[in-house]
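Letters are used for the chains, namely A, B, C, D and E, taken in the order the chains are written, and counting of residues starts over at 1 for each.
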Amino acid sequence: MIEISDFSIAFGSGKNQIQAVKNFNLSVAEGESFGLVGESGSGKSTVLRAMVGIYSHWTGTIRIDGQPIAHKRTPASRKHMQMVFQDPYGSLHPRRTVDATLSEPLVIHGLDNREERVLKILAEVGLGPEYRFRYPHQLSGGQRQRVAIARALILEPRVILLDEPTSALDVSVQAEILNLLSALRKAHGLTYVMVSHDLAVVGHLCSRIAVMNRGEVVEEMSEDQMRTGNLKHEYTRQLWTASHGYDRKALAGFKEFA
Amino acid sequence: MSEHTQTSSSVVSWLLADSPDNAFQARCQRAYISWLSFKSNPIAMLGFFIVLFLCLVALFAPLLTSGDGTTQELSNRLAPPSAEHWFGTDELGRDIYDRIVWGSRVTLYIIFLVSIIVMPIGLIIGTTAGLFGGVVDATLMRITDIFLAFPRLILALAFVAVLGPGLENAVLAIALTTWSPYARLARAETLTLRNSEYILAAQIMGASRIRVLLAHIMPMCMSSTIVRLTLDMAGIILTAAGLGFLGLGAQPPLAEWGAMIASGRDYLLDQWWVPTIPGIAILVVSLGFNLLGDGLRDVLDPRSSGGH
Amino acid sequence: ETPADTFVIARNTADAITLDPAECFEFTGSRIVANIYERLFLFEPDDLTKLVGGIAESYEFSEDGKKITVKLRPGLTFHSGNPVTAADVAYSLSRAVKLDKTPAFIIKQIGWTADNVDEAVVAVDDGTVEINILADLSPALVLNLLSSSVASIVDMKEVQKHEVDGDMGYAWLKDNSAGSGPFMLKNWKANEVVMLEAFDDYRQGKPAMNRVVIRHVAEPSAQRLLLEKGDVDAAMELTADQLKGLAGNDDVSAESYPKGYLMYLASNMEHPVLSKPEVREALKYMVDYDGMVGSFLDGQYKIHQNFWPSGMWAAATDTPYSQNMDKAKALIADAGLDADTKITIDTLNKSPFTEVAQSVQASLKELGIDSEIILSDGATLWPKYRARKHELIVARWGPDYSDPHSNADAFAHNPNNDFEAKLTGKLTWRNAWPAEGLTELTDQAAAESDPAKREATYAKLQKMVQEDSPFTIMFQAIGTFGQRAKVKGFVNGVTSDQAYYKTVTK
Amino acid sequence: MLALTFIGLTAVTFVIGRIMPNDPVVAIVGDRASKEVYDAMFLQLGLDKPIWQQYLIFLGDILRGDFGNSVMTGQPVLEDIKRFFPATLELATIATVVGVIIGIPAGVFAAVRQGTLIDHCVRVIGLLGHSIPIFWLGMVALLVFYAKLDWVAGPGRIDFFYDGIVDPVTGVIMIDAAIAGEWDVFQNALSHVILPASMLAIYSLAYIARMTRSFMLDQLNQEYVLTARVKGLGEGTVIWYHAFRNVMVQLITIIGLTYASLLEGSVLTETVFAWPGIGQYITNSLFNADMNAVIGGTLVVGISFVFINMLSDMLYRIVDPRAK
Amino acid sequence: MNGSFKKEPLREEPLLSVRDLHVRFSTSKGLVHAVRGVSFDLGRERLGIVGESGSGKSQTGRALLRLTAGNGRIDAEKLMFSGMDLMQANGKTMRNIRGSRISMIMQDPKYSLNPVLTVGAQIAESCRRHENIPRAEAKKRALSMLDTVRIREPEKVYSLYPHQVSGGMGQRIMIAMMLITNPDVMIADEPTSALDVTVQMQVLSLLDDMVRERGMGLVLISHDLQLVSSFCDRVLVMYGGRIMETLDAKHLDQAQHPYTRGLLNCLPRLDGRHDDLPVLERDPAWLTQPSDASGVFEQ
């Protein structure tokens, strides 16, 4: 479904140049759920953003469904891949109702039966019709994230990219969203690529996980490997240890990877 | 009475319902909530009432006056305020009260024209520069800088010289010299919005840049522009008056407050009311707009309300 | 408080651009030039209608009236100490003609050109100048022309000392002085202040005031405050209304003097409606002369309906017209105008022009004619007027020199009415009025050497213009100013070069 | 960047000079000039050349510091500007300094006491200052403080008997007088400048106070202010050392803008107070079709605007460590 | 997993003793009762406060310093700190206590450090304010403090501005700034939630060391129940401004309250997989039912 090879991208120029991602390779099968973990600034979001066409100055190839995608995307080519962002407060236009936010993709892509579709997708993400005409400030964080997911789903894409969809949420709300996401995946046979810094969250949703550090993938592992701690790279192990809660003794062995 | 309270309370509950049933109700709710927070600001309310008063006076000018303010009564010139002439008469024996009332129409007209010119120009240039960046940004911003660096009155005079005198042209000239700070403001705002996730989300959806510009960015820049415009209104009225005085604005006998001050200023020491009353009119209206703008900022400014 | 030996004047001096008599043609500049330079002939403050010798002691006409021989007063000196000689006179007149700046036309009427002026004006000896009249002008008119400030006598040696590239001291004299008048220019900062200093060796003795300071104050109200406070001795631009306000203050007095300015309403004869004789006549009956003079023009203007201002030789002072709406309406009815006739009234964006225009507008409305007033500053209005692009205009006119020919030339003389002729200096041409018959009569009057016959011709001309012309001459200006009560002897005359600081005492 | 703005500025000025309906030839030779004189001047001004050539010549002249002569004053425009600009500079500087000295504390105070009576007072007074027709206030101020109370000197920049005592070094009389040690002159100049400067100061004050208030409100809601309080710092330190430093960063731009716009000269104030400033100069020139003066004056104003902006940018970089 | 240090007797004489604390805000929409009758004692220990968002954790922490926002009011039966009732203390006394005896570490170093002052100046300011020592001395103290929080090149970091340091470093600077005066009580309001997990551990270990070495009382506020229980000695669980339950960190699994259990279960776990995470079911009765849960030391 998704095939990325030799992907690199840098920001800035000259002395200030930052090589955000280097020689990134990735392949995700149809219906698979793939996780990307790593520390802040390791380039996780950058990969996702390049995939959906927010950045266009990358090198390498990205194939979706075997088709290489161009650097400049056409509206039609965007339809099959959608993204959910980290911050539910920042990803909804504050001056638009839920209805307007959800209808817009339909207008852009010229789809009909808008009202029907909006109501249907709202129901799917667990929001009743009473939420249809609310503004974002009338919604809680979890509800907002549901709307953001609904927006991503309304075009019926096959791939959804999730950039830390729960990290701004409360633990209890996080559980609801994670449940929703896995239910949706089952129902629609979606392909997920999910980014997070929380191993447990990624582990919950994804069957395969890549660990990134400083713009490079240092290790790829299966869910089982992760649960059992069967890890090769030192950085990954360190991340794994830290994710298990506070442990003074283990800390002594920590190294700087950033 | 009781029926009345009932309907009004049902309207209120309609306005405050948690889940609006349609887009119209949602919009009304938004406006109502804004209104509530606006209403709780006494200074802003004062401004609102002043502006409302101005509009009413302009609307009902024919009912409020006995003449159109251009009738001269040379035998009764420079008469002090009295029961017959509430604000006295001017150097041509015209009733100043009538002129003030009719002048409110001119003032509103100026405000209206300037607003509908400045806002779109400033917004389009600023948001385009901010969204497109690169060469477009550099070019548009240089042009903006040049307009900004120009002495405003000179620029306005030059425009009027080209367009010819008259109220519309004066307004056009003012607008053409006023838009540049708005473009800057809109650009700065666009720059912060450009990378916000809801704009990215729209792009991912396949929204064209034009769509992003018009449907997503502009509405966000609108409120700060409106606020700035209300706050600038005093200056705009005064500049229009200045142009009128230089013979390039409203043409007599049209009662325009600024021109009234300008032509009445020689009488300040002996017949204080001739320039002072239009001066007070301008003062009150500018103050009204300023207060309103201050209040609007609290209500509309995304930084101070809503959000997180 | 101003010092006892200094006369301080507040005035809007924004118009002053040069103090070179060969170029100066502005009000403020002319007043200053008149106090720095002397002329062959001039009007002394004790009788402003009688031309007397200035630098000239006596003169003599030749038989044919084509030559004037002038004897200079002996022993005069310039500010520099140089003696005033016939050579200076010849140089000054020839310099004015050769520089050919705006006011040069006044003496060029005598037939002088850059090529012939050196032969026309000849220094016979140190004290005698021979002046040849090369045009068909009466010698009386020539003497009047020579009393204008463009004919001021400059200090040849001093000026030549500052000559650059053969400019006859033009660059230098703009803001320096080389005259023999009662005051010397000490300092001129444009739009700020002009300072004059008394000349010790002035022919009538050193003036009482050691210094004259003219401060640039644009706002009349500010002028008034300065005057009432005693920080200036005279405020030149107080309106008549402001003068009334001064009434209660014993420290200051309100003064007035007749000015040469006429305010008139002119119609462009190219306009289909305004060119109708009935309409033109209706305009004369429509104007609310008394109403305006009785109100906002009170004290500033008086009714005057002829083209030569009263207080001058040969001026007609009859005022046959007064507002008569019935007659005006009847005339308009005769003209048979369209119902939706709409015209524009151009005027200056200054008081009282705006008010006059508004009064005219109100009268027109009463006649059933809608009109729109277009206010402009001079820089916009005059080019428009000169391009014949106006319809109705409320404007004013002042004589360039003290002879009726000055105004006859403007109001009654139009040798070529074609647009291409561009006789923009003539009001007749500007209003596209051929002035048939009047043009010839004006030429005759200028050439007439018999004063009585001249006067009769001018009387006839004034009547003709009054009865049938595009001009509705309405008012003559009155100069109003305020001065401190202790100021005495500050005389102002009809023309702007008749302002005398030398007689002022405090 | 600067050069680009400069070129744009000259181009616009040039175009304005050309599109004004005044005939530049008539402005110089007068309207009674003969056709020959007119044509000669037409050629001398290079008006026969194509417009872009005229512009290049114009640009060349300007770069050589030659703005031509003013028709109105008969002086080289540069000389005029040297005389009028310092007068405006003097007013603008004082007005800005007063605006800063009073406006900033007022704004801070209002923000700290947000919603109290003091806050409302500062706001309303600030707004009033922004809404009063300045010439009217100027006249009233003259009437009260000059005519009635006699506290200050009247219109004008200096009394004529003090004029010319000190040599113009900077052109700003007060500084020149101070340099020369002529304290009488200094005092007289000061007494003249107070009123007009106050008029402009009311403007800048109102604006600065308002902006300070809103910036300060933003800053007081920031987390670091809480941090400072947690440290046990006194309210004064929290406000002036912590919050205000951040406000200052933003204020620099505002003050720069205010200053630059005052340097444009206020025609009305300058007229009321008979102040020989650049605003009056440019406006008068414009009405007298004195295009050299208009262009020169406009350019100088434009350049000083650009310059001040640059300066405030520089200052901004110094004060704000985040702007590298 | 948690540290071995625990001197039981200290519990008998609390550093800080809070009884029936209420924080109310008056807003345009009416009164918001953010903290409702919270009581607890703090000894020389690590006390955790957990709860979901909006449960009143931060407001409880701030109330201890009496730094509630302008529209808020604090009421308490008593707020004893080293023999002094903070409720009675005047502004000056409070300012002297803040920073020197009770300090607070804020959540996000990006926002809680003054962007235009060097970090060194901000650290030194703390002790200059409270100890009245010369500038040079303060700088020396600050440098050694930077060293204490394990910043490698203190001299260099001293003159950096907040935007020039990373998140982890910023949080260490924050800790240094708050520790330099050697306070008795430290309140840490989500000190690590803006940081990466590994950095989070490092910062926590630092806090751990400080508590050990200096014998401070630490209040750690967080919404991560697992993290808190692995780090602290005792945990208060808050909901709706009330304390639902007090737990000994060791006995987290024995938590009784359904709310606490819910919080625990809804976390995805690294070890063991659920298809669906259990979702927290809130019971409105929790807000009203009488609760004797408090963090008060048993008599």
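One rule holds in what follows: a residue touches a chain if its C-beta (ideal position, glycine included) is under 8 Å from a C-beta of that chain, and two chains touch if they have at least 3 such contacts.
All figures in this text were calculated on a predicted structure; none of them were measured in a lab.
Note on connectivity: the fewest chain-to-chain touch steps from subunit A to subunit C number 2.
Taking the mean Cα position of each chain as its centre, C sits at the greatest distance from subunit E.
Summarising the inter-chain layout, the chain whose CA centre lies farthest from the centre of subunit A is C.
Subunit D and subunit E, compared by their mean Cα positions, are separated by 53 Å. Annotation: 45 Å between the Cα-based centres of subunit A and subunit B. Averaged Cα coordinates give subunit B a centre that lies 47 Å from the centre of subunit C. Between subunit B and subunit D, the centres computed from C-alpha atoms are 25 Å apart. Annotation for subunit D: residues touching 2 or more other chains are 21-22, 139, 143, 286-287.
In subunit A, no residue touches at least two other chains. Subunit B meets subunit D in the complex at residues 43, 142-143, 145-146, 148-155, 157-158, 161-162, 234-235, 238, 241-242, 246, 258, 261, 265, 268-269, 275-276, 279, 282-284, 286-287, 290-291, 294, 297, 303. Residue ranges on subunit D touching subunit E, taken from their complex, read 222-224, 226-234, 237, 242, 245-246, 249, 319-322.
In the complex of the two chains, the subunit E residues touching subunit D come out as 65, 67, 95-100, 103-104, 106-108, 111-118, 125-126, 129-130, 161, 163-164, 174, 177-178. Taken together, the subunit D residues at the contact with subunit C in this complex read 21-23, 26, 29-34, 37, 70-75, 80, 83-84, 139, 142-143, 146-147, 154-157, 159-161, 163-164, 271-274, 276, 280-281, 284, 286-289. Subunit C meets subunit D in the complex at residues 3, 6, 8, 14, 17-18, 25, 100-102, 105, 174-175, 187, 189-193, 195, 213, 215-219, 221-222, 225-226, 228-229, 231, 377-380, 382-383, 386, 424-425.
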